[in-house]
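One chain, chain A, appears in both complexes that follow, with chain B as partner in the first and chain C in the second.
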Partner chain A sequence: MKVPVAPPRRLVEVEIDGRSVRVPEGSTILQACRAEGIETPTICYAENLTPVNVCRVCVVEVEGARALVPACSRTVEPGMKVRTDTERVRRSRRLVLEFLASSVDLSLAPDLHRWQEVYEAHPERFGALMEPAAEGERDGREPGRHVPVEPGTAETVAQPVKIDNDLYVRDYARCVLCYRCVEACGDDAQGTYAIAVAGRGFDARISTEFAVPLPESACVYCGNCIGVCPTGALMFKTEHDLRREGRWDEARQTVTTTVCPYCGVGCNLELHVQDGEIVKVTSPADHDVTSGHLCIKGRFGFTFTRA
Partner chain B sequence: MSASPSDVERAAVDAVLGPPGDGDGRVVRGGREVRGRRHLLLPALRALQARAGWVSPGGLAYVSERLGVPPAEAYGVASFYAMLSTRPRPPAVLHLCEDLACRLAGAEELAAELERLHGPEGEDRDGRTWLRSPCLGLCERAPAALAVHAGERPREVACAPLGQTELAAFLAGGDVDGGVGPAPISAPQTADPEGWASLVLLRRVGRVDPGSLDDYRAHGGYEALRTAVALGPQGVIRELKDAKLLGRGGAAFPTGLKWELVAQQPVRPHYVVANADESEPGTFKDRVLMEHDPFALIEALTIAGFTAGAERGYVYLRGEYPHAFEALERAVAAARARGFLGPDVMGAGFAFDIEIRRGAGAYIAGEETALFNSIEGRRAEPRNKPPFPATHGLFGKPTVINNVETLVNVLEVLRVGGPAYAEVGTAESTGTRLFCVSGDVGRPGVYEVPCGTHLAELLTLAGGVRGGGRPKAVLLGGAAGAFVGPEDLELPLSFESAREAGVTLGSGVVMVFGEGADLVDAVLRIAAFFRDESCGQCVPCRVGTVRQEEALRRLASGRTLGTREDELALLADVAQVMRDASICGLGQTAANAVWSAISRLGVFG
Partner chain C sequence: MFGAGGGTSSYEEVEHTDLIVLWGSNARETHPIFFHHVLRGIRNGARLIVVDPRRTSSAAWADLWLGIDVGSDIALANAVGREIIVNGLHNETFIERATTGFEAYRDSVMEWTLERAERVTGVPAAAIRELAHAYARADRAILCWTLGITEHHNAVDNVLALINLGLLCGHVGRYGSGLNPLRGQNNVQGGGDMGAIPNKLPGFQDIERDAEARARFEAAWGVPIRPRYGWNITQMFEAMERGELTALYVIGENPAVSEADAGRIKRLLASRETLIVQDIFMTKTAEMAHVVLPAAVAAVESEGTVTNSERRVQRVRKALDPPGNARDDIWIIAQLAKRLGFDWGEVTPRSAWDELRSLSPMHRGMTYERLEELGGIQWPCPSEDHPGTKFLHARLWEEDPARRGPAAPFSVTPFEPPVDELTEEFPLRLTTGRRLDSYNTGVQTSRYRSPLRLGGAIEVSPEDAERLGLREGEVVRVSSRRGSVRAPVHIDRGLRPGLVFMTLHHPEEVETNLLTIEATDPKSGTAEFKAAAVRIEKLPAGGAAAGGS
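== the complex of A and B ==
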């Protein structure tokens, strides 16, 4: 249980979809919507990270604003009039989902499948998907130049998975560039700064310096990037291998919550166990010790259980 | 990753950052003091590029170490800018403009010639190569190129017009001539005594020695600053409000209000920034002003600093403007030496100094919040607004940011007074405006006319459509603007008339497409431009600019998915989401010109 330390906040009255809503001052539109039970899709937003408002799937209409505004980061103002279900909002959300589904492999992002149905997205209308890029080709793309694809095909981020260490893999064909991993690696959790966004435009990508393999980078293998990845682009090597062998089966898995045995901090661990073996370790994002983040020992130091 | 810099790379970085603290370079101190110098990241990366021809792993590692910037982040910055290369690049590069005005002047033929004589773009032959470049802002002298030589004595030379001779000279290992064009070519009105008399913003262009502070003062320079000091900050703001001066960068925000908002902020320090990242295809007015009358910008920015309570000003100059940089750098040094910048400006009791920062090839860096990030040593990604620059600008502090032309207008406001200034132009659009007339016209160049002047008059002033007759189309406002057809030539060039007509004057681009012009080619180029220049941060723009270009290519090639109507409906959807949901103006306007060509001109009809 968290002990409230902040003084109680003043309430602000706003109007959402015609309903009058009172929320604490400083709340975001998203928080206000959720308090009202209005379902709002999000991709880049995570409760344990600073909002970067880049995916734009949570956009809403605010009276007086020319463009739509991201609900995840815009704070409410007294008298603000918000609409979350107008034609403009629905169209933008649908297009954002279509853009992502037509350029990124979302097969491990079930939430996004559901949202695509809700918003009637048809990503196939942009044409046949382009052949995956050769290994490393996307890492070498230069800003300000591109080769247009054959008419009729749609450009994608498809590329081979990066496997350069024993602990986790990076499958950037699944990357929606939500910046979450960069935040978790940097300011918001780990302070390691091993990865950042490189390149520009559609060729922007998550990268180490000069795309060097992780063992040559500053990575400390805390795995916090995996913990926040919404699309399965970052994944435990154990999970990746089981999936490749067709043996990954969440229905057969149990999740056991325990406390990390390595030091005295008291991090909560969720051990995902399949066939008597730990296959993945997570921590709850709302846990007040970890906020979902762990270190290399808690995240990956479980192989002794097999000894 | 561990890579070591070469001695020359180390020296190039040290020349920007100063020698490492401990003398032998083996110990680097960290902490806030080092990280507080992150704003020197882009200058240091530029120095590496200029010395070595690319940003090598060793060079980047050294910069990262010196500034306490994580290597991955420094790489993220280096790989953002087109003029920096994170792969080995030959020391001599000819950047050939492939943008709209240069296409009308035969840029593709020159590219074909380069391919024939040299080989494909980027190929290294004897330490030379050529690359395609977006608009270089030399449209009045199209076709244009920028020759960049890395090495011990790095050089950058604008070359326009680029002919077969210059091209052959570059490939043969020689130098290209060029640099600053003659004023009467860039601003034809300055050559004509009658036309000159009506000029305000261009008054000194071609008449004043851009290298001489004395000459500037002999032509009325620094009188406006004296007036400003006499009026006081409140007085200056009142004059600007009376003048109803609106920003000339594209958004038309009232300048007086902007300055007042910042002046009122209790948080310190305040900053003032001149947005000289003139990158909108077809725009070159600020370049002409800075190359021919650099002190005007220095003086105007000083007035902004005085008024807004800032002691430091920045000029963020686009990387492709080497000659404007030289002119400004000389002007700042001269002003500083003579007490027009420094701890006690003109003995008037206020401190102000200016730093010039150069971009490195990114259109998006002209977006004001992206520009702040660029100065701060981050990727030039726009920030979400609110908060606005008036409260959270450069380094998170209250900041005035104005376009160069807007700032130079302030001199005129103070010269004649706000009410007199407002008598020129229309009721809502006061004063004069600079228009960058290019393409198929008799005398391309920067023209200064009162706001509200009809488009047809402006075209007549510029010598009419080349070859006579009516234009097939005119692009107003650049790639982010809109096409109008020959039936729209009576359009008054004012903010309100443009708004009514559903177009924008943007940065003053007036690009003329004659009878023979290929509009499909122009539309495809605009789409490719936005695809190249999107920063990639938000989904609507990152993917939308790609999907827009793909759909247009399908239409152009006749290989549509479904019917032509299906494709147009798809394009409309893409345009809508970019306009509604993108973070910044780039995405929000990336479909404007394309749509205007489809709806007004019937391209793909």
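== the complex of A and C ==
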């Protein structure tokens, strides 16, 4: 069989935390760290998306560099000296985690809880949480008109859940603005561009055009935004309803990988089943056919399996 | 093609080619995740050219859209071929070494000047020229098609006309160059590969011509196999009309709704001596059956394999128990065999697969363990140390004639217009297709609450709507030579004047197949769903709701 192979990649030697490491040319610092078993926190990074460098929680120190660099996107260079566990790195990561945890509901992001412990983050030091915004209030905020909260109170993104269709909900009180949904909706997968980041500073938020409800937007309900969301801000309506009723129980769920019953592309589906019902559908991010992304039929068209 | 019934390329190659041509395919909506690979190709610098009567959401991504008149694909392909040849852009070395029949093909297309093709296809000559030059000059080019090519009375010639272009430019058998039918259903490829077509044994082995294969199956099954092609679905309905086919066993099909000229099909189904339907739902066809066998949902309630449009065999697995008395298809068939006097013992999906591997050389290396480990394997995979095959027909590029194997034939493809002629009485061309959120006759997709759902409708161009005085949502009567339905109007700016569009997704609301024509390709048995002649009439004010009549 004749299959073109990429030209062999040179190995590059770098030093991470004093250890000499050889990785293929073009690897990121994150890949090099993971290959060495050095745990590195990430939030906005996903293996099936292009790094956007917004969360800054993966930053490391590179000798000779003025600022800390994001490990997820910085590629290694020969002789590079990287430190992942200096006080400067730890302080920076701790601050990122504290700012997020003090302003966003991270209760469905267990990884972030673990990282808060590792980096001794104390988000409570920013004071009591302010009252949630009224429905739609944050969507109307304009750049340059931000009203600061009272001293000693932590400003939050808390607001009511947006439920405007039968397939998925948007709970932006849980949104850390990692951009993953924007990337999946746009350049990195779906090419629909139904959502983007609107507003500035603390008023920045993920929004449809003019904050219209999803059914009036360009959304085609592929649910690829849900597939990449790390904090549960975007969620199947089935999951949202079960959680509200206190019936969502991952311990009792099975996940079975199969192939979508619709068109001939052959997308791999992971069917999450609880109590004999499909409650959620995902796709493996490392599969050649889908890279983790599906269409509306594959993602939501499973209710026919219910009697 | 050339002795192997499958697309030649992998999806991955679409990301690394220079030109992607979607011909009669609205992949953006009908193969959305394949289109993700197309989008990556575009981002990597590939041009996209779309040939489609409608300016679809796929065409919206294209560098060039050729708005072709329905059913004139052969005229367009032949003109593209001529333009390539007269400008000396064809790949002479490849044609010389790897093909036969070039001279006859060349002579046959010479009548298709750009000007003539423009008159017949409705595509401006400059656009035809641009497609020809772009395809011939591309280092690598992938040509894909779907039902826009195959749901015609001359489907096979349509496909052959496109294959001719691939052969002309050597755009086949190389990484990033290929010819690909995108399969409409999750196991259309696998069904054919498993022998669920009238002329092949499993593994795409010819039942008449391949005596050696026949002998292998006879030895394994212990029964003689008659070297005779069976009937395709259209021939079956013809045999019913002749009174030769009295009993019908339908598995997972809904012909009462899905076949063209539904009125005739229902009459024929209703008059069978025996009609057995095995399905996951009480479909319209099942309602007519003498015996209904409730089946498990293959992709969700049973184990097995399916094969996708890049020839990748993948495992399906059981996530749910089937409801009530529904049973796995394999179990039902084995039980039926037992009652007919053939005890196969316990048949499992895996034992059936291993039997297939022993009989089909192209599947031999695909153990369940390897399918699991490699995330699926692309056929052919002849042995357990073979990685599977990314693209087909690399042999055509071999220097050594012995290794090159049989040459790929050019075909002479004469143009024939659609059977259902446009006349003053039926002046509009009706074509059919799918929408993003729905699937076939809606048996599965009507059960989830899609915010995108449009419902059964007749889609018309803004120009025709204005001419006929039609408003969005207004219920009108749509009639063809075969039947008549009422449907609400939806105005679509992607349609050209004279072209109207319907789906098959909502037969409860609008039974589109009362209108379509059962003119069938004798070679493939596919009906001309894509080209009916219709007229639209306004209903008296306060007209009734949509529906069949």
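One rule holds for everything that comes next: the second predicted complex is superposed on the first by the 301 of 307 C-alpha atoms of A that agree within 3 Å, B and C clash if a C-alpha of one lies under 4 Å from a C-alpha of the other, contacts with A are read in each partner's own complex, and residues count from 1 in each chain.
Quick note on the criterion: contacts are C-beta pairs under 8 Å (C-beta built on N, C-alpha and C of every residue); 3 or more make two chains touch, one makes a residue touch a chain.
From a predicted model like this one, the values you see are computed outputs, not experimental measurements.
Of the two partner chains placed by the overlay, only chain C lies in contact with A:C295; chain B stays clear of it. Once the two complexes are laid over each other on the shared chain, residue contacts for A:D105 go to neither chain B nor chain C. In the superposition on chain A, A:P151 makes contact with chain B only, while chain C stays out of contact range. In the superposition on chain A, A:T303 contacts chain C only, with no contact to chain B. In the superposition on chain A, A:G264 makes contact with chain C only, not with chain B. Of the two partner chains placed by superposition, only chain B is touched by A:V59; chain C is not. Of the two partner chains, neither chain B nor chain C is touched by A:E183. Applying the stated contact rule after C-alpha superposition, one finds that A:T256 touches chain C and leaves chain B untouched. When both complexes are overlaid on chain A, the residue A:R200 reaches chain B alone and has no touch with chain C. Chain A uses no single residue to touch chain B in one structure and chain C in the other.
Only residues 53-57, 59, 67-68, 70, 73-74, 88, 91-92, 95-96, 99-100, 102-103, 125-127, 140, 142-146, 148-149, 151-155, 176-177, 186, 193-204, 207-210, 212, 216-218 of chain A touch chain B when the two sit together in their complex. Against chain C, in their complex, chain A makes its touches with residues 1-4, 165-167, 187, 189-191, 214-215, 219-222, 254, 256-269, 271, 273, 276-278, 287-291, 293-298, 300-307. Chain B contributes residues 1, 57, 60-61, 64, 70-76, 79-82, 85-87, 131-134, 361-362, 379, 384, 386, 528, 531-540, 542-547, 549-550, 553-554, 557, 559, 561, 570, 573-574, 576-577, 579-583, 588 to its touches with chain A in the complex. Within the complex formed with chain A, the chain C residues making contact are 11-12, 30-34, 36, 39, 43, 61, 175, 182-189, 280-281, 297-301, 306-310, 312, 314-321, 323-324, 375-376, 386-387, 389-391, 394, 436-439, 443-445, 447-452.
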